[in-house]
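The same subunit A turns up in both complexes below, where it pairs with subunit B and then with subunit C.
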Partner chain A sequence: MAELGRAALVVCLGLSAYALLAGVLAARHGRRRLALSARNAVVASFLAALVASGVLLAALLGRDFSNSYVASYTSTKLPFQYTVSAFWGGQEGSLLFWLLVLTGYSAFAVLLNRRHEDVIAWTVPVLAAVQLFFSLLLVAVASPFATQPPPLEGRGLNPSLQNPYMAAHPPFLYLGFVGLTVPFAFAVGALLARRGDELWIVLTRRWTLAAWTFLGVGQLLGAKWAYEEIGWGGYYGWDPVENAALMPWLAATAYLHSVMVQEKKGMLKVWNVSLVTLAFALSLFGTFLTRSGVVNSIHSFTQSSIGSWFLGFIVLVVVFSIGLILRRLPLLRARTRLESPVSREAAFLYNNLLLVALTLTILWGVVFPLVSEAARGEAVTVGRPYYNFFLRVFGLPLLLLMGLGPLVAWRRASLRSLARALAWPGAAAIATGALLVALGAGSYVPGLVAYTFSAFVLASIAVEVVKGTQARRAVSGAGWGQALVELVGRNRRRYGGYVVHAAVVLLAIGVASSSGYQTVREGRLRPGQSLAVGGYELRYQGLTRRWVENRREDRVLVAASRDGKEVALLRPGKNRYPVEAFFSTEVAIRTDWLTGEDLYVVADQIDADGTVYLKVFVMPLVSLIWLSGAVFVAGSLLAMWPDRREARRLAQRYVQPGALARA
Partner chain B sequence: MARTRSPARLVVALGVAAALAVFLLYTSLAGGGTPQLQPGDLRGRTGTVQLTGRVVGPVRGDAYAGGLRFRLRDIAGPASVPVVYTGTVPDLFRAGRHILIEGQLRDGVFVAKPGSMITKCPSKYRPASQGAGS
Partner chain C sequence: MTDVDLGSLIGGALLAAAAVVLVAFPFLREPDLPPERDTLAHLTPLERRRLELAERRDRALAALKELELDHRAGKISDEDYRFLVGPLRQEAAAALRALEAEAGLGRKAGVPAAR
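Now for the complex of A and B:
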């Protein structure tokens, strides 16, 4: 079976190489049949990747330990769902998963957009080049189909990865990382085809949005995993590997905003191509970080040889893109100019500057150990204070801008109309701030500012929705409910965006509350003793032990009560995995759904004499972070939902290739 | 490129300048960062550093009372230093593992900041001694 997998990868490599060469030839000399053949090679490479993935999956499920990868990441006792997730649990498998997603995306992206021959002709070789890189890695450097004399038992999957969130987190990240290849390939394809218009943006809008959504959800899943599994009472530690996913997401966020300016005003063309390149390069850099071990991180996977390959490929991508953009500068002239620093365009521009600044400061923090080692001979790391500082400096103005932007008119806004639009949201923000100061939230100023800005954003969204519904009612004479449905249905992208904004507000409130206003206590307890934390009383009742599947579970029974009433029986503890020779700490969390507050208990140590060392966190409003994920997905789906009216309009606009470029 | 100057460029330039200013302000206020060293580089260092190394047993004591005591050795080299650590011990901590701790040298003993220990958790979490595929 391993031979079949290896053969499929070689076929995939060959097809990608063919698609690259034939695609370039066809596009240069305008040969349609050859272009068609290159496109079909990309589609066929997806089938080859499917076969290879099927072989690996079969080997995993059949626990075929003669396959080194299977023996390294599974064991006979590993539950079914984690045997499947072992597919992307290790380096070789995750690269194969990457290739599978990439070829799948490529195949569908070129098939769905085959009408736009001139752009697709050049997009095919770009996609093929990226595929070539990954299949080359899989064939030559990190094969998931290496064989060995089968051992009796596999090594098992890292128990901290045996968690539903961790099973789902990598595929979501990859769907996002890889998804950013599509807009990049179309952007480069359009430039190679000498098109300076917005066609590539329009064609890839939903791809980018989907990739961005996957990336965002993937990060929230990772945060939830860290919160439940790592047991340090947090969800984001500014670890290089976490930042690896955040950076492309931020760059893609900037891109999603700035393309609206190009679509509407024909400005920021160079900026947009640069941003999409940045997002793609950062997604490669993210993979490089997680897979190379160059930066110290809790995730540093074993040092491997693929690091230098990735670095080389990233340099190639960046140099090629910059060179191409420079050569096509005359095509990328803006149609219009920014007329006023107080306008929607300008607000988008400020938003972009802040997002890119945040992205680059995070990037600087991540590579700082390498830079300082090269410069001073000593690696210096920047820690959480650095990131927190810049998150506040750039993030809080971004939050404010999220409320301001939608209120500012395009082209040129008069200060008087702006002041009128700001009246309600401004009043809501000031009232919220005053109320919170009265309640004592002033103990943590960044939190207070975040709350006030959040109130401003929510109020400005509400004003927009109410105004829009009123206008819709005046036109159609429908009732409030129906007018709202019509309004949202006719402007899905805009209102989807507002829903996403609301999600970001929830996230900001959740992060500010749980980090700025949390209570922590720890202590050693004997059975019967108790600990008081933030209004809760925790009584240690005793220990339990049992065997489940592949692990032994020791649990500390803790009765939590509030105002003399017992609210929960918590079971923090430790699991022991004999096959993997490994312990894992299991936290216990009690969520108060009414207040969104979590009581978070870690049994740091269980002694032989029955005493335990408990660490307890009380985290207000932390549930809003997870809620924001659901709202985020809802908003993205709304913005992505197919819109026939829009499709018709765009078809009219782009039906004659080049018509717009000449205009 | 003979064009009238666009305010967009001005805004971008100002934005970049502002970001740089903030950056400089931060680095001047908060100083650089924490140097990352191995036990062999530690001699004569006073300030707070981040220490990377391999845990060498025996591991004695209690991290939650009096402190966990062990030695940390260079990843590739013989130099080592005694360490005392208090606070949460990550699940992966064990003799032989690579860890990161923050702290400073006091009278020949590296005193770690409470709860600063990070264990490196490779996805392949056992040293690749058997013939691995890559």
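Now for the complex of A and C:
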């Protein structure tokens, strides 16, 4: 069946090339049938990518080792779920997954918005150009359908990837990365169609939010994987590949805020197109980092030659976008100006500057080893202190702005009314800070500041919700519950945004607590010996060994007790994967859901005589990080939820081009 | 040639044929479309102007709605409210008047008004 897969990819390549060429010709010369034909080519390319993906999946599930990719990433002993996730476990498969998601997004985006003919006519070739790049890579450089004489057994999947979080992490990231293509393509399509209005923003609002949500969830899944699988007691190590996903997310976050300024005030048009381009270019850069093997990373499982292709394409995208924005500057000129530095739009602007500064700082940290190697022949890496420093410098003011922004009115706010709005949240923040100092949390100043600012943000959200509900009650005469539902239902984007802010606060508290106030202890133990750490006593009871599916599991039995009462029997240990010739460290975690604290135990070494070397972490409030993911998704869904009244209003505003002339 | 190869060959040919039909469909459906009807719809200058005014109107109305909500919620002082509400109302009224005027021009030219 490999031939069918190859044929489907060639068909996809041909269709993408046709959609690009026919699309440009149709849009330039205003030919409707040719534009429709180009659009259909994009839809057909999705079908071709589906066929190619189906062929690869069938080969994986059928353990067809005559397919080199299947033999490289599966084995007869690999469990079913990881055989499926091997689809995106290797370079060729992940590129095919990129293409599948891209063509799927493209097909739906152009079909759903087909009535805006003039913009879609130019959006189609932009999407097709990105499709062309990926299908060319798959046909000419990294085919997942290369064949070989079948070996008796495959090499299996890297055991680090045999984790449920890692099975889900890449698809979420790719859904996010690829999703950023849609706003980029529509922004460029609108500029090529000489449309300076907000249609492209309206058409891509939910696409952008969805991509941003997928990217955020994908990163949290990756963090959870690192926390459980790598066994170093952390969840984010400022690894280049982790940063590769963070950067487009930060750029998209900046865009989601600044786009509101354009919608409310007609300002920042150039900035918004630039941010969308930056987010898309960074998503390509992220894929390049993950897949090229150009940087050393625990998340990068490949070394390959596709790096130069990616770099060339990224340069092309950036140069083309900058050139187009410069050519369309007169179309993007704002007619209004910032009225006051104390206003909601100014707060969004400060937020954007901080987010972009943080993004570029991280980018510099990621590329610095490459730059230093090119300049001095020696790769110099920047470590965690660099990133942590800038996270505090830009992140803490961002946290504060998250609380300030909603309290400031659009256009202008007098200092007197601002002071009044700040009263409750400010008092809550000061009280929280004072209480924490009294409780002895002042030893870690960034953590104390993060807690204080978090209290400020949560209090400002609470004040917003209470006052808004009160105002709604005054108008509708409804009870508190009904008024709150009405308030949120009528302002979904605003309150969805507040829920996301609450998620970021949970994340900030979780990160500050677990990194700044953690307790760590290590020790070599014989059976029957104990280790005391952070109020727990851990007693080493003995070893167990068993075979499960494709691995041998060696476990250290550790009874954890607190205040003399046993709270858990933990089983940290090591797994041995004979097919893959690999050992992995398996941590044991006991979560106290009431306090949000984790007891995290790593068996660093298991000696033949039964002696073990344990490393134990007590991490306060770390569970808030994972909880923030659920709150983040809830907030995003609320902000994305369709609003019929708004949809009607926008449909009336953005009539089909030429509709008035035809009427 | 093995069965598998034949299956791939047939599958690939079917896929290519389906793609060609889909791509050619706009031409197959309207084979004799005269060139003057085979044109992409673009915003007319009148539509472009109306859209610009509608965006201005909606922006001002949305800002007014938000201002009212924030004022009722006590987030905006009376003084700030008085300072902001006037220009916003003027902006909304100006956009509405301009839209009406455009609609009048459109009616004269036989084009219906935008909502």
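Keep in mind that, in the parts below, the second predicted complex is superposed on the first by the 650 of 663 C-alpha atoms of A that agree within 3 Å, B and C clash if a C-alpha of one lies under 4 Å from a C-alpha of the other, contacts with A are read in each partner's own complex, and residues count from 1 in each chain.
Note that in this section a contact is a pair of C-beta atoms (placed from the backbone, for glycine too) under 8 Å apart; a residue touches a chain by one contact, two chains touch by 3 or more.
Not measured: the values here are computed from a predicted model.
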Room on subunit A for both subunit B and subunit C (clash or fit): fit
Contacts of A:Y69 with subunit B and subunit C, given as first, second, both or neither: first
Partner chain in contact with A:V101 - subunit B first, subunit C second, else both or neither: neither
Partner chain(s) touched by A:L161 [first = subunit B, second = subunit C, both, neither]: first
Spatial angle subunit C-subunit A-subunit B, Cα centroids [nearest 10 degrees]: 140
First, second, both or neither for A:P144, with subunit B first and subunit C second: first
Touching partner for A:A357 - first (subunit B), second (subunit C), both, neither: first
Partner chain(s) touched by A:A129 [first = subunit B, second = subunit C, both, neither]: neither
Superposition-derived minimum Cα distance between subunit C and subunit B (Å): 19
Contact footprint of subunit A on subunit B as seen in their complex: 1, 4, 6-8, 11-12, 15-16, 19, 22-23, 26, 30, 32-37, 41, 50, 52, 62-65, 88-89, 91-92, 100, 115, 118-126, 128, 130-134
Residues of subunit C touching subunit A in the complex: 4-5, 7-9, 11-12, 15-16, 18-19, 22-27, 30, 33, 38-44, 46-47, 50-52, 54-56, 58-59, 62-63, 66-67, 69-70, 72-77, 79-80, 83-84, 106, 111-112, 114-115
Subunit A residues within the subunit B interface of the complex: 68-69, 72-73, 89-92, 141-146, 148, 151, 155, 158, 160-161, 231-232, 267-268, 293, 296-302, 304-306, 329, 334, 337-341, 346, 349-350, 353, 357, 360-361, 368-369, 372, 378-383, 385-386, 389-390, 393, 524, 574, 580, 582-585, 602, 604-605, 613, 615
For the subunit A and subunit C complex, residues of the former touching the latter: 1-4, 7-8, 11, 14-15, 18, 26-27, 30-37, 40-41, 43-45, 47-48, 51, 117-118, 121, 193, 195, 197-198, 263-266, 407, 409-414, 416-417, 420-421, 464, 467-468, 470-471, 474-475, 491, 649, 652-661, 663
